[in-house]
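You will see chain A twice below: alongside chain B first, and alongside chain C after that.
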Partner chain A sequence: MSKLWAIAVITYKEGIRNRALYGISILAVLLLAANQLICSMILRDVGKVSVDLSLSAVAFAGLLVVLFVGINLMAKDLDRKTIYMVLSRPVSRAQYLVGKFIGLALIICVSMSLLGACAAASIFLTKLNYPNFFDRFAWSGIFTSMVFSTLMLLLLAALSFLFASFASNSFVTLVLTIATYLIGQVTGDVKALVEAPAVVGIQVSAITTALVKTAYYAFPNLALFDLKIQAAHGLPVTGSYILWTVCYWCFYLVMALTLATLIFRKREFP
Partner chain B sequence: MIRFEHVSKEFRTGVGRKRVQALIDLNLEVPRGEVFGFLGPNGAGKSTAIKTLLHLIRPDCGAVTILDRPVSDPSVRFHVGYLPENPYFYDYLTAEELLWFGGKSAGMPAEAIRKRSAMLLERFNLGAAAKRRLSSYSKGMVQRAGLALALIHDPQVAILDEPMSGLDPLGRKMVADLILELKAEGKTVFFSTHILSDIERICDRAGIIVAGRLRIVDRLETLLAGAETLEEIFLREVTSAGGSSEQ
Partner chain C sequence: MKQWRMVGLLLIITLSGQSLSLIRADRAKELLPLAVGKSYSLPSQVLKLSALEFDGLLSDVIFLRTLSFYGKTFERKERPRVQESELDWIYDSLSAASDLDPYFLDPYYFANSSLAWEGNRVNEAMILLEKGAQYREWDWLLPFFAGFNAYYFLHDNSKAAKLLEEAARRPGGSPLLATLSARLSYESNQTESAVLFLQEMLLRATDDYSRREYGQRLTALQHILDLDKAVAEFTRRVGRAPTSLNALVDLGIIRELPREPYGGGYYLDTETGTVRSSTDFGKKAATSNFWEVLK
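After this line comes the complex of A and B, so read on.
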């Protein structure tokens, strides 16, 4: 356990001191400031717009953390051979990978907490200035949405580890992670579309349907973790939805890390 | 202590997946307490042999053991310290944090890590820079930090890949003194180099590897007993292997 912790701690320190993180934080703060400006201009559905913009800013900044800090942490080890420093210690490949993931998970959680606090402050200010637009507002919805955004980012980070376990360089890992993110955001909607094409008056071939269904089951449905609309409109999220989505998350996370470990155990570092 | 038994390794490189024999039937044994110098031109297979010792590379055939245990067992590395060639460490860590990681990953208690870390940082003239980020270190300082990391857990076996490359004369003397100190403590040192004077200065035995094949292994006094210098022996072996220095 102390080995896992040692790897997690150096990963966390290396990541949290990365200057890219400061840039992402500044961008997020600017987006949240823009939220104030936009709300003062539209004066219509201010509550919904404010919540949606704030949560979107947090989700976007979190995505940048995974793509540009998280992937860099793992892939740099392979590109720059810093992995020798870790694997020459008495640690197994599985301990390396899981320790590294725990370190990255800590970075994501700390970043999302800070970004979430900024978003909450921005929403609070808007609510203070325009209380009439917040009649169906609930902080619990904001909190749930942020937690689910964090879960999605953790899953994406685990998938980036899976790609890094076999990719030849960090660019390939980045491209595969972005592709997975994009597919994961639309796969549920596209599947619904090809299963009932008559609803929108289109025809879909059997091959396309099969391809979409394969993608649906191969890639995680990341749209499940997007609860921004529910938070903005004050819509309830049922306990069973939360439970099943968390189970779905656990399944994909464990699968991604297990596969990554199995592949990584076979890898050589010449 | 360190044993290679019929170890071969082949790589496929480039677009045409051209085969390169990095190691060919390597047989070598380094007993406890010996300083062994692994000599060879660039691309001869020195680093490949060292990486098989760390299980970073798996041999296609043959067995590699340290302390009579297969190197695939991570617990072997409780007794092994490794300095890679041109070491790279995390930019944003300090030397102190690097050594904390080294000690923690080897299961050392916090107090022991603190004491040994302070001792090693002083030993390698890094005391004043202990809290500075490694990205601000010169090449020589990085090399010394790497040596401190390799030795933080007081290993029985030190495996050093080109430990003197890029060091100034003072740095090279410091590494040579360190290797002799380790020998005096009964530790085994396996180091690679292509600098002949290093071998003559500090080794008990030396081996010359060319194009993946170990050409000659003997005690230094035996190698130098004849009329030939180590340089002449080295050039003869490289030439008879039909070799240039780059494979």
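After this line comes the complex of A and C, so read on.
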């Protein structure tokens, strides 16, 4: 356990020192400042647009953290062969992988908290300027949405570890992670489309339907974690939705990490 | 020192060069066949897929693009200011924005002012307003707008009464709505009902554009209401209807003819005996038409 924690702490420190984090933070602060400007152009639903922009900025910056900081942490260890240094010590490969993941998870949680605080400040400022246009507004919805965004990023990070466990270099990992993110965001919508093709006036063959359905269960459904519109309009999110989505997240995360460990243990290093 | 001067000069040249070419490129872009306002709007299913987790954001962006396009048309001199094909595009864009986030109020609100009020596209505006009213079930404003359109533009009193009843039932709906709904259920003075409607709409308008639009229409309708009363007074005193509105001034019932807010004037439609606006509330060009009518 102490070894696991040691690796996690080292990973966290290494990641926090990454210059990319500063760039990502600057981007997020700029986007949040743009929030004030854009909201001044909205006729009525200022609260909605403000929440939308802030949560999207946080989600986007968080995505960059996973793609450019997270992938570097594990894949670069393999690229630069620094992994030999670690594995020559009395640390199992499973410990190494899970430790790395915990470190990355810490980085994601800390950056999302910082970004979230910026977003909340930005929304608060807009609310001060346009107090009449926030009639259906609840901080709880915004908090839930941010927590769910964080869960999504953690899941994506776990998947990037799975890809890194067999990919030959970090670029392949990056491409696979981006592809998973893209598929994960649309798989629900595509499934709905092929199940009711008449709505949009398209024809779908039985093979396509089968393929889409297989992909739906194989790839993670990341759209489940998107509660931005609910937060923006103060729409209710049921307890069962939260419960089942969190269950799904736990199962998928453990599955991805288990698979990653299995493959990583068998992997031969040149 | 000389080197620094060279670098400074180079920077000034490139900075002004890029700003200048940006302005020219921007102008040239408007002449491209696929400029904003004419281009094809993507179907909302495709947009929804490509938006990933940023549906709400894309909806905001599409709405703002439509709004800024519409704002730009105010610089034009030609009448009608917005082409029919551009109104199609505005409708498609607002429809797509409301598909991406059906709870977003602004596309509906803006559709009402641009399509129903300005563009004479009441049916399209109604589709959007009714869609918005269905999703935003807590919001009384959208069924209220739809009710006004049904009454004022479509002359469908029973539909208007139903929509107003719906608006009155929702939280925050003004008690006036129920009265209005009742008025519409039986035929009463149309102009008077419209004035009541507009007073409420003016009260709720938050943007300058809508406020001006509603304010102008309200002033014009109030003028017409006053003139109608003056015509009735004339008929009562003289025993016959006046042939023109100037007769009202001559008899001293009114001191002068009010100024129509759209730049035209008022005239008496001798066939129906009603007072009308020469510009049809700003839809026709003001001057020439008005003088033709006076002749």
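Methods note: the second predicted complex is superposed on the first by the 269 of 270 C-alpha atoms of A that agree within 3 Å, B and C clash if a C-alpha of one lies under 4 Å from a C-alpha of the other, contacts with A are read in each partner's own complex, and residues count from 1 in each chain.
Everything below uses one rule, namely that a contact is a pair of C-beta atoms (placed from the backbone, for glycine too) under 8 Å apart; a residue touches a chain by one contact, two chains touch by 3 or more.
All of these numbers come straight from a predicted model, not from anything done at the bench.
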Quiz item: Given the touch rule stated above, what does A:Tyr84 touch, chain B (first), chain C (second), both, or neither?
Solution: first
Quiz item: When the two structures are overlaid on chain A, which partner does A:Lys13 contact: first (chain B), second (chain C), both, or neither?
Solution: first
Practice problem: Look at the residues of chain A and decide whether chain B or chain C touches more of them. | Solution: C
Exercise. In the overlay, answer first, second, both or neither for which of chain B and chain C A:Arg265 touches.
Key: neither
Exercise. State whether A:Gln185 touches chain B only (first), chain C only (second), both chains, or neither.
Key: second
Self-check item: Contact set on chain C toward chain A in their complex
Solution: 43, 45, 48-49, 52-57, 59-60, 64, 67-68, 101, 103-106, 109-110, 138, 206-207, 210
Quiz item: In the complex formed with chain A, which residues of chain B make contact?
Solution: 11, 48, 51, 54-58, 74-78, 80, 82, 84, 87-93, 97-98, 100-102, 104-107, 133, 149
Self-check item: Touch list for chain A against partner chain B, complex
Solution: 2-3, 5-7, 9-10, 13-14, 17-18, 80-82, 84-92, 95, 268-270
Quiz item: Which of the residues in chain A come into contact with chain C in the complex?
Solution: 38, 41-45, 48-49, 52-53, 55-56, 59-60, 132-133, 136, 152, 181-182, 185-186, 189-190, 193, 200, 222-223, 226, 228-229, 232-233, 235
